[in-house]
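Two complexes follow with chain A in common, the first pairing it with chain B and the second with chain C.
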Partner chain A sequence: MTGKNPIINTQDLSHKYNNCLALDNLNLTIYEGEIFGFLGHNGAGKTTTINILTTLLGQTSGKATVAGLDTIKESLQVKRQIGYLPENVTFYNNLTAFENLAYFARLSGVKNVKEKVAEVLEFLDFTGIENKKMGEFSKGMRQRIGIAQAIIHDPKVLFLDEPTSGLDPLGIKNLREIIIRLNKEKHITVFINTHLLSEVAKTCTSIGVLNHGKLIYKDTLEKTLQKFPDEVALEEIYIQMESQGKV
Partner chain B sequence: MFEQILIVAANEIRVLMREKTFLLLLSVFLAMTLFSVLIGWSTKTTVLGIYNASLILLKQSGVTHLPSNPFIMIPALALFRNMIIYVFLIGALTSVVIGHSSFIRERKSRVVQLLFTKPISKTCFIAGKIVGILAALLLIIFAVFFISLLSSFFIPGQLLTQQEIIRLSLFYLLSLIYMLIFAMIGLLFAIVLPTESLALLAPIIIWVAVTFIFPELTTGQNPVALLNPTNITQTAPQGAFFTLMHSVLTPFSIEQHYTGLAQPLLETQKQFTSLSIAEIIAQNSGLGISLFVYLILAIALSLYTFYHYAVTRDKMYE
Partner chain C sequence: MNSLTIWIIAQKGYQDALKNVLFLTLLLFLFSLVGISLMVSAFNFQAQVDQYNRAITQLQSMGQSGVILDKPQYFPLQMLRGTIEYLEIIGAIIGIILGYISIAKEKGNNTMQLILSRPISKLSLIGGKILGNTLLLFSILGLIGLFIVFAISGIGHVAFSQAELFKLFLGLLFSYLYLMVFFCLSTLLSLFFKSLPNALIVGFIIWLLIVLIIPQIGDTMDPDNQVPGGLFNSLHMDTHQQQQVMTNFKTYETWRNILEESSVEKHYERLTFATLGIKSIYNGKDLRSIFQDQWGNFLWLIGFYIGSIASAFYFSNNRKFLSKSN
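Entry: the complex of A and B
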């Protein structure tokens, strides 16, 4: 599934919050078609990375490109190529699912909004909810709408920040299936911020581990699983990496 | 660019029309407008009833010098003078809520994180917000204007002349500017303050200061007297303290600037009836310019804070 063209690239990417170095010379390349799982403890710098790549935040130094476009100099063009679902978004509760999706679609420049909303909901197997108010939705349903708004303009890269946070096991399973289908059927590269190793093992094609702002591990899942043959071993190795701060 | 501004503005109206707080305040404002007309109608009917009954009695008693109709001396527009108070009380408060909720709802729901990753510039986004707020206020003003105009048809002998309709229109245009200032203050604090409650409290404190505290300090009148539409700001302050307060605070007392212009437009006192619209504008141009400067300042501050707003540093998410 993965191609050879890099779609996300960072060179010596650093970010400081006041005097605290949140991201320390991050060099990361993700290729087209990958489902990349970005692992790390709380405060490791995962969200800072995703914020820079989605143009929400400017880096202190270094460079980041998405789809070959500079995240600072060409931020509007980058935004056309990406979809993003942050953690715990609740949307406009007084509007219906359709009205929410139509708004985000129009902002993304989608012309045939009605057809596109129907198409996306059909893809997500989520039809019949268009006229329901978002305030009536469960967390899992909101996540689906979140995915729908993120892919409605056919982006090249989808960024998900802790997408399984607060979901029940069924919701997690459904979301996992959606991510894999998006990657296989719509050829979208997916970048997932998470700290759940079990999810990474079941969904991702490659992983990276961030520790105190530094990338301490990156490889394909296949090679990682060869090194650490089962999920339990992977978890143990991860904890070991975390405690040592290096591989 | 304009298409994106309109998309944001249309969404603003759509969301606002479904918010309970806004709908409640809007209903109160419209009801008070209607009530203001009803009070005028009721007063006039009662007084005229007594006047007519008195005339009959006087005629039966053989009195030849009959008193004139008390309403001949009162201009038709004066019936709407309570609207001045309703605008700076409930109208300004409604505007604060509109401006506040315009951005706070997106911060609270974290939708702002999504919006800032969409291909829309900050300029288009905030312009869309301001256009949306303006459109919402226009809707309110049109509704209130329509109620005022319609009601004048139902009060016998109070049909407005063309000149009076122009005066009424100018009064509502002035009210729109006044309300927009407060909406922008609401928006400004919704962008800049870290919590929802603080962001609502700050503009309400400004509203209280402007509506009650400043006029009281600059005139030395008690608050109840200041809520009487016929004598707002008419009395010169007495005593050293109030004279000092008058010179220091009057430039900031925008409610007095508003009432200073609104009163002659609505002919709340006899001396205003002889003034033409051009004369009113010429005599009060300073007040008009001051209100306009406050509006520009409030918009400029909202724009400045919005350009410096960083979603990743928003303390509401901590």
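Entry: the complex of A and C
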């Protein structure tokens, strides 16, 4: 389900690391209810974009808003509206799943922590693991806890950075289902950074392609699939787009 | 800054440290050394008292009850030399490890990004870390304080006076200020370095310089330390004569002093040794006269403490430092 209200908007967003331009005048609008797949090769600037949108990093120039709030001037308010799962989080291994989730819930200002943790774990079909230490969890289980901590405060937008990285096929399938359920049942807009085209095709409602910090393609998945009817063709086009630096 | 968030982070920091094997090992090592040092001192004193009592009994049995023997003087705070020296060395390492656990481990696990994506400011985050570790250091030093009182009065059988207890409290408070400097140093290094093990290594190199090398160079350069037992003492020179001699070494002494004063350890040691009367010339003196002499070291120690806390707040508030992609 997609609405017409823009929930993420960037205007000429740029970021430099020393003299290296990581993000080059990014203009991007994502609408409420979308599952947006942000594609790009390693080092394309995807994580930089997510870091700016989650207020972890300040841009060198340009403007970014999330839920209508400026990521620099209203960073605390932005953080109340977002959930974030970075790539390769290990959590606190010496704490239980409940202790980990309770800590992040309390930091997010959740009042009824115990009930909320139970509710989120039930939504993720992940009950009975509350008292297990995080150190005992598989990568797939960690990702579920990662999603749980990201949605425990009912955010409007969920940012996932390479969420399928290191997961086995079953883990990838489970995660895909969770993302779609979050979008449909909890009406959360999802922003996914990935370099896996197949995942985008199966999960997202719209896609963007970033190449060396520049947005070279953005459209809905529907229109994209009309243009590139089969996945193999889509992949070839993606590689072609990247090599040419344009559509 | 949000006080509830600061408290949540402080509690977490406190609990994290108590679950860290390296920290607990170092703490156990510190407690063992402090315990051994205190017990050896207390047993030594007890032996002197026993010897005195035996001598009195012997004299009495010989019908010499009129002979007056000086009873051994008991200065419990003077027994703390070892404790303070262990706090200087191992305590500082504990401070470095606590700073590393607080920031570097969170950065390494990517949990720092999770924390910073919550509606909390960076000032609240660092405030919580400092509060949690302050409470932890208070707990450690409080336990050491209790151990000192019970070990010395239990073995030495002499109670502390109120003035001595207050001096002990001040000594432990100065220890807190000193240890927090190392905590903040390690925190800052963890913020600046991309490679977290490098932050720890640099922390230890600085520890080596501040705690061992600089004070050692300063001590070695001290003219009075050139002869065992003290050069001036062996020449039977009084303070006035010593000062006269030292006027000929003014430039040398100025440089030696600059070198020593660049180390926070020296200020802590001088101040604490004076307050506890470990340095003999201050033993039994009241606090006012001690502080008349030691206000410079007190200001230096406070200056190092405030400077390091302020730096931790200032640099952690720079949005580049706390994210992994800096």
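Brief remarks on what is shown
Methods note: the second predicted complex is superposed on the first by the 247 of 247 C-alpha atoms of A that agree within 3 Å, B and C clash if a C-alpha of one lies under 4 Å from a C-alpha of the other, contacts with A are read in each partner's own complex, and residues count from 1 in each chain.
FYI, a contact is a pair of C-beta atoms (placed from the backbone, for glycine too) under 8 Å apart; a residue touches a chain by one contact, two chains touch by 3 or more.
None of these values were measured; they are calculated from a predicted model.
Steric overlap between chain B and chain C is present once the structures are superposed on chain A. By the document's definition of touching, both partners, chain B and chain C, reach A:Arg106. When the two structures are aligned on the shared chain, A:Thr54 is found in touch with chain B and with chain C. When the two complexes are overlaid on their common chain A, residue A:Arg80 makes contact with chain B and with chain C alike.
Once chain A of one complex is fitted onto chain A of the other, the partner contacts of A:Lys63 are absent, as it touches neither chain B nor chain C.
Across the two superposed structures, the residue set of chain A contacted by chain B and also by chain C is 48, 51, 54-57, 76-77, 79-80, 82, 84, 86, 88-92, 94, 103-104, 106-109, 149. Residue ranges on chain C touching chain A, taken from their complex, read 5, 8-9, 12, 16, 19, 109-111, 113-121, 319-320, 322-323, 325. Across the interface of their complex, chain B is touched by residues 48, 51, 54-57, 76-77, 79-80, 82, 84-86, 88-95, 99, 103-104, 106-109, 149 of chain A.
Within the complex, the chain B residues that touch chain A are 4, 7-8, 11, 14-15, 18-19, 105, 108-111, 113-121, 310-312. Of all the residues in chain A, the ones that touch chain C in their complex are 17, 47-48, 51, 54-58, 76-77, 79-80, 82-84, 86-92, 94, 103-104, 106-109, 149.
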